[in-house]
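Chain IDs A, B, C, D, E and F follow the sequence of writing; residue 1 opens each chain.
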């Protein structure tokens, strides 16, 4: 029994149907729990209440990057092993990733207003996220523009590959272009910079919640894509006779 | 009690926007799934029956 | 006429219809300019209104070739020309549909993009107002350009070349409104000119565009 | 390969080939910006390099859809794919032809447009050098986007959407060269990055573009 | 009552006359089939009568808003379903009878299918159903049965007969046999335009010949 | 010596198999004509053999750089003259014999005419002349005689016979009679792909059916 076999649509439908309820329950519990717990944390002595934004901002930002990586992996699986469900999973993940990016951008922008005194600064990290959002948009637009699913899967796969390289390249170019305002990773293990436990645990929970939420949405959306493809396949069969 | 201090608007806006966006993608996913399931049911009924 | 509008809007929102592409392009353009110009607020602030207007104009421009070309290719244009609605009406409705699918989303998104370019808050209402008044003229002039180039194989660049000079007056008055709004001046005069241009364009250009279409149909 | 280059250049200069349209578009764009930004030198000078680069990039962009689409429509692409030259070579040659017909004229014209935008004299050599080094990457990335969208009916706007984000690193380093040139800084570092990107793009992107073309041919 | 009168008509394509001296008339309940070799100008003649291009010479008389034209291209939007496509044209022409038209062309089973997923013959049937919802009297049809199989051709013939019986008229160009044996045929071969320079040139190519 | 061997080939279009189990081989001096109804997959089969799309199953063996393919579209540049068009393809394929090819297809009188000013039949003749300048052994031709008149069809038949006599081979799909009576015919009708689910799906439409 290898992981590849789940790429068979029938098997995937069966397995995903079985685990989906559990994932949904977990996602709801962890996301709501993490976000509400975060909302109830005490005020920070420096940032005041704005620190509560971190429980949305950081998980969303992490998922935004992770989802793109996941799309890159599934695209590669499709391009190399030709597993159809893998291609559909990449397609299904993209809108979720775009929304996560949007949440990171929006919460960051709202946070920036009190912290930096402006809604938007061309800070390297913010800018790289904007660029990531552009890549998501292009990827989604390409999927929806091509009618033939086989070509669409191949072409978006190639785009995802090339796009990943350029997303990385842009990140370095942007760093060269402007110095940052945004703080570094405060979950780092370096003792002095470590966030206090009051904020750390709700943050972990909320991160887990966002991860599960993504998994649940990914399963649902992949199932949708499979059904759509099956519908198209049946119709094509009817026409060809 | 929940304290938000002078940044209440900021925090509420951040939570509001995020919840809205999340609700949007969840609704979109679920609705599209239901539609796809219905369409497929109808088609399968026609092909087999 | 209403049926045509409904159809064009439905087509734009279906798969491959390109709804939202104009906004995405606008976003990219607004993001590119700081990369070119440099990130500091001081350099960005004075050019914000201009960039926003030029961006809106280019985003409009790139979706123009869809106005008639697709209908021409699949034969709908021939059938519409023999339908009991005047060709001028068809032009007006299609320009309206283009405006709703390209212009309106731009206007909704413009305030957000204004933030990216550090547009002063006082200018934002004026940005929206000027776009609201000015972009219908862009769509209508674009429909004229699209009608002229509808028969050409890959007319995109030529279309841009024909249409851009026609856009200059709208652009000038549009940015002037926003600039005066940002600097606390009185935007009423350029706004009036802008409205005048749009009114004139909407009243007269459909006839020219319909004439061009008739030539391309025969 | 040489035959293909010769043919593409011949086609570009014949009637309807579109040679010079890119420069005309560049000119209009450079003329539009002062209308949008306001004519005073103070506001124009700092943004000159950025505007010139963004303009070159957009002018490049609008001629991209011709790279493969015309050959695809008339069946030449099928025949080229069965010819004894690798598809990667076809991509490279067509990108080169695009650069010669769109990029090169822009570079020749750029100093003149630099005058329009009050670019300091010291920056002009750096403007030319950066365009010379950077625009080949634009053409090659454009060829990649064109290869991906070649089968689509009206891919213009989508093509722009896909290609523009890929242009960002080139744009950043390109304008940085000109800016440092204008301000008397040291443009060597960004120039090296720019050259590195162009070299990498020319070495690797043809394979991706050829793969996309193969998908669209089948 | 005559639905269409054509007198001494000359039509041009590519700046040169294609056919000239065409004269005929169609009363209600009548149909006419145009024949002739490839490239003689059948399509051009039909487009002129439909009002899509001006005649070079001669007269075309017909009631206002009488024509429904169907060309090689069906004017379908592939992203819309069969019903949506048909309803659009019904609304544009102010006609009705969607259901009747769908039945007549055997499209009921395909009602919710996007037009992109239709085969060539099914697309053509949808294009012909469009005629039925226009409510127009005079049908101008350019090769209406291209890519139809025999059963569909028979269905089309029935639709034309019903249209004629209801007081309509039809002008059709075709290369193949439609099974409408009762209908008159006009061969355009003898009407091919003669080279000589006419008094009023049709375009640059004639003006400078 | 065999120029082309095809074994148990299955080809797909639109994500579904069109024909399957096709087996044949062509030796030097041999030709084969493919027949079958519209839409069975002749064009798809030829494109697969020409290397434009991958086979779903089966084996295609042939020498390197042997194929010259000619499709529905002729790949002409309307802005270039007949000679320029032909010379381009001669240079690309490293072949020669422009003059011979122009004579064989009766294009001498049109040498300096831009391709835009050619009639459909003349365009097709130019497309066929391209085959002669490729210098390739194996011709793969998709409906080569569309829009040709009888004299040109005969000229084409002569060109094919000369090619075979010189040790070449040809694989052609056509609906009409080419006047090549000595050539074998392969009817694809019995090779139409059967619905069932295959072990290796040809595309999304098969993987999810």
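Just so it is clear, contacts are C-beta pairs under 8 Å (C-beta built on N, C-alpha and C of every residue); 3 or more make two chains touch, one makes a residue touch a chain.
Source: prediction; values computed, not measured.
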Third chains touching both chain C and chain B: A
Copies chain C and chain D touch via same or different residues, half shared test: same
Furthest chain, CA centroid comparison against chain F: B
A-F or A-C - the one linked by more C-beta pairs in contact: A-F
Intercentroid distance (Cα basis), chain F paired with chain D, Å: 37
Cα-centroid distance, chain A relative to chain E, in whole angstrom: 54
Where chain B and chain F are represented by their mean Cα positions, the distance between them in whole Å: 53
Numbers and ranges of chain D residues touching at least 2 other chains: 16, 73, 152, 158, 161, 164-165, 168, 172, 218
Multi-chain contact sites of chain A, meaning residues that touch two or more partners: 131, 134, 137-138, 141, 145, 147, 177, 230, 232, 234-237
Touching two or more other chains - residues of chain E: none
Chain A residues within the chain B interface of the complex: 31, 35, 39-40, 42-43, 48-50, 52-53, 56-57, 60, 95-96, 99, 102-103, 106-107, 110-111, 113-114, 213, 217, 220-221, 223-224, 227-228, 230-231, 234-235, 237-238
Complex contacts: residues of chain B adjacent to chain A: 2-8, 10-11, 13-15, 17-18, 21-22, 24-26, 28-30, 32-33, 36-37, 39-40, 43-44, 47
For the chain A and chain F complex, residues of the former touching the latter: 9, 84, 148-150, 153, 226, 229-230, 232-234, 236-237, 240
Residue ranges of chain C touching chain E (in the complex, touch as defined): 2-4, 6-7, 10-11, 14-17, 71, 73-85, 217-218
Partner chain D, residues of chain F touching it in the complex: 47, 50-54, 65, 67-77, 79-80, 84, 88-89, 91-94, 130
